[in-house]
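Next, two complexes with subunit A in common: one pairs it with subunit B, the other with subunit C.
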Partner chain A sequence: MSAPALEVVEPGFLSTVQDLGRRGYFAAGIPPSGAFDRFALRVGNLLVGNPPGEAGIEMTLMGGRFRVLRDTVIAVTGADMDATLDGAPLPRWEAAAARTGSELGFGVAQAGCRTYLCLAGGVDVPSVLGSKSTYLIGKIGGVRGRPLRGGDRLDAPPGARATPGRRLTPSLIPSYGPAVELRVILGPQEDHVTEESVRTFLTAPYKVSSKADRVGYRFEGPEFRFRERAKAVEAGSDPSNIVDDGNAIGAMQIPGGKETICMGPDGVSMGGYVKIACLIAADMDRMAQARTWDTVHFRAVTHAEATAALRDALARAGGANLIG
Partner chain B sequence: MDVKAQLPGRVTEVLVQHGQAVTKGAVLVALEVMKTRVEVRADRDGTVNHVAVKDGDEVLMGQLLVRLAP
Partner chain C sequence: MIYPQARYLSSGDQYLTVEIGDDMSLEANFKVLGLDLAIKAAGIPGLVETLPGWRSILVHFDSLVTDVDRFIDALREAERSAGGAGAVPSRVLELPVLYGGRYGPDLGFVAQANGLASPEEAAARHAASLHWVGMVGFTPGSPQLKFLDETKLLSVPKYTRPRLYTPEGCIGLGGSITAIYPVVSPGGYQMMGLTPVPIYDRFQGLPDFEESPILLRLGDRVRFVPVTLEECDAVRQQVRECTYRIAITEETVTLQDLLRPGGAA
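Now for the complex of A and B:
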């Protein structure tokens, strides 16, 4: 039986419970949700002896404060939010023992955007459609389908065995900075814009907008120019309209040709806008750590390169890369 | 006293003017941060003696928004 392990004192800017997501319902309009930076959640879980897909806490831009309600082992991964345990600096990417009554504190992200807090045994919230992940728009998963609030108590199953001091091989610790390269596969409708616009998309700097969130990451940059085409009245009046079709997570829509919106883990399943490209799955983690006004360059890769990059990303998040 | 942006975002509303007296808790500036409205408040009584931003400005973490006197 689970017992309270952690109490939220202050939630921070936006903190939610996330596992690796809710698979199989996107055709019904329910997105996978789940940790935006999957590498960070997977490693956090492995550090505290959990299966990689267990639920942890995802904090955004500014972290919260938490009280430890019973002895446990924790790990902090992802963005650097100056984590402290009872006031002492807490290293990231490393498991640490936390005693009953201790206080865990997080500040503003110094680099990167999202920080994960994992605890031995995981976070015991009800599974909804096969996942503990919070989907804010649908108000399901996590703690009553909402962000964490002060006073929330999170349960964890007792008896989990974990090794304090276990850490990630240092060479695999990602660095986050204000210039980010994201790899994409062009299409499926890149032929709706001019060749020059495709070239511009792949060479010009874009900026993460203040509207970027878990639903979609919005980028500001040069506008797209559309090719002359036969009027498809049923698609809509704007040249950026198409007859609605399905989105992939990572699909990049260009409504009006004015902005680029990349579907995040809470993305919508359909859309009536040209999709210039799709972010490769391996780089979703990198997008998750990009923050407002960071500079982004998009680089086109092939399916084969995207698949190889994903295999490599999954291998890096494997238990073989932990020390201790 | 300098009131700075804690998080990066876009200024969506400036609610004070130069010379205006404000009380603790008054909203000075509203920012859009990751699609969420964040209100930056005065943490004490004072008078606005400098407004460093306007509607639509992009602000970075730590950027000056408003200066309060004394």
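Now for the complex of A and C:
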């Protein structure tokens, strides 16, 4: 039996329950969702003795305030939001005991964008289509398919064992800064733009725009030039239009050639725009921590490099890297 | 145009785009259906999910289980075995629609753009054709539908700047493609009317959603049935009470059936 473990006093800017997402419903337009920064969620869970895919709380840009309703162990990972426990600074990437009646506070993200709060036993919300992850557009998962609100009480199964003081090997703590490199694989429609535009895309600095959320990140930068080509009339008149096809999570559309939109974990499953490239799975974590006006460089890699990067990301999030 | 052989395009390290052609023809869509069935039946290691569309399939794979070259080889093998899709399962579903009025503010424009005398005439034409589901997605369960009866075709430009709000259940027309909006969202299709029947039921409360929160799938055919405001409200009430049953007929259909005048009506 679960019992209330945490009460939301203030939710912060946007806080949702996320695990590692749902699989198998994207064909119907329901994206995987799940933690945007998976490394941070995985490590947070391991620190409090959970399986890595348990549900935690993802906070965005400005965190919330929470009241602890019974003795538990918590861990804060991801962006630095000046977390405090009863007013005392709470180190990130480290498990801490939280006593009944304690208050957990978070401020504005100092660097990075998303912070994760994990608690021993996880957050007990109903699994919808195989996942506890909140998908806001479809209003499913998490707490009634919506962001957390003041007054919400989150259950956790009792009896979970965790060791306060357990922490991540310091060398593996990521640093988040205003210059971000995102690795991509070119395609599926990079042949629709000129070779020079592909070169520019891979060398010029881009800025994260103010429109950056779980559905997609928009980047501003040099415009794309398109090659002359014959196409079906149904595609639409603009050279960036194609007959709608599927969007990978990470797919980068270039509507009008004017901006680049990269699909996030809540991305839409299809679209009618040329996709210049796709973000590799390993670097979704980096995009998750990028903020508006951060500078981004896109670097093309091969499939083999992308797979190696993914294996490396999973290894870094492994239990062997915890101390204590 | 349908390519002589499918093109296999990179879509990151977890997905591949298998492109059959570049148009929205029924021929391309049928080929997609056949290939999608063949891929699913092939038991390919690492396959997570397929997202079939008008003229391509986005295939999700697990790069930690298979590598992309091996995966493409397996897909090519499936392509060789696919042959043409013969008769495919295709349900006919009836959806009541309240055309025009406050929920279909662009119906007059649709009539005007197609040289018709009145919004009613545009509604009647739209409802007189069966509509083919050629792709599902964007938002949960949102279908793109194609007129099966070419003689009833309507065509309009999309909004030049998308509106910020589209109500749930909106029936929109963009180009000659009909869309149904499953959730409140921005949108660029001309608003012709509203169906009181959900196509996405996140609570899976209605009997026809027991197996899936999504109603429509590629290869379904939809018949829009014009209703009055009173009839629409009556359906709404039944939807609220979770007693409404959607009229669904299970059939199979071949490409030749669809290409006959009237579109296998």
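Here is the rule we go by: the second predicted complex is superposed on the first by the 323 of 324 C-alpha atoms of A that agree within 3 Å, B and C clash if a C-alpha of one lies under 4 Å from a C-alpha of the other, contacts with A are read in each partner's own complex, and residues count from 1 in each chain.
Here is the rule we go by: a contact is a pair of C-beta atoms (placed from the backbone, for glycine too) under 8 Å apart; a residue touches a chain by one contact, two chains touch by 3 or more.
The structure presented is a predicted model; accordingly, all values stated were derived computationally and were not measured.
Q: Who does A:Leu61 touch here: subunit B (first), subunit C (second), both, or neither?
A: A:Leu61: touches subunit B, not subunit C.
Q: Contact-wise, after the overlay, does A:Leu148 reach subunit B, subunit C, both or neither (first, second, both, neither)?
A: Neither partner.
Q: After lining up the shared chain so the two structures overlap, which partner does A:Ala5 touch, if you call subunit B first and subunit C second: first, second, both or neither?
A: Neither: A:Ala5 stays clear of subunit B and subunit C.
Q: Please indicate which partner A:Val125 is in contact with in the superposed arrangement: first for subunit B, second for subunit C, both, or neither.
A: A:Val125 contacts neither subunit B nor subunit C.
Q: Would you mind checking which one, subunit B or subunit C, touches more residues on subunit A?
A: C
Q: Quick one: is A:Ala313 in contact with subunit B, with subunit C, with both, or with neither? Answer first, second, both or neither.
A: In the superposition, A:Ala313 contacts neither subunit B nor subunit C.
Q: Go through the superposed model and pick first if A:Ile276 touches only subunit B, second if only subunit C, both, or neither.
A: Neither partner.
Q: Looking at the overlay, what does A:Lys211 touch: subunit B (first), subunit C (second), both, or neither?
A: Touch partner of A:Lys211: subunit B, not subunit C.
Q: Name the contact category of A:Ala75: first (subunit B only), second (subunit C only), both, or neither.
A: In the superposition, A:Ala75 touches no partner, neither subunit B nor subunit C.
Q: Where on subunit B is subunit A touching in the complex?
A: For subunit B paired with subunit A, touching residues are 6-10, 31-36, 38, 58, 60-61.
Q: Which residues of subunit A touch subunit B in their complex?
A: 13-14, 60-62, 108, 209-213, 215, 291-293
Q: Applying the document's contact rule, which stretches of subunit A touch subunit C when the two form their complex?
A: Per the stated touch rule, the residues are 23-30, 128-129, 137-140, 145, 184-189, 231-232, 234-236, 242-251, 268-271, 275, 278-282, 303-304, 306-307, 310-311, 314.
Q: Considering the complex alone, what residue numbers of subunit C touch subunit A?
A: Contacts found on subunit C: 1, 9-15, 17, 19, 22-24, 48-58, 60, 63-64, 67-68, 135-142, 144, 175, 182-183, 185, 200, 202, 212-214, 217.
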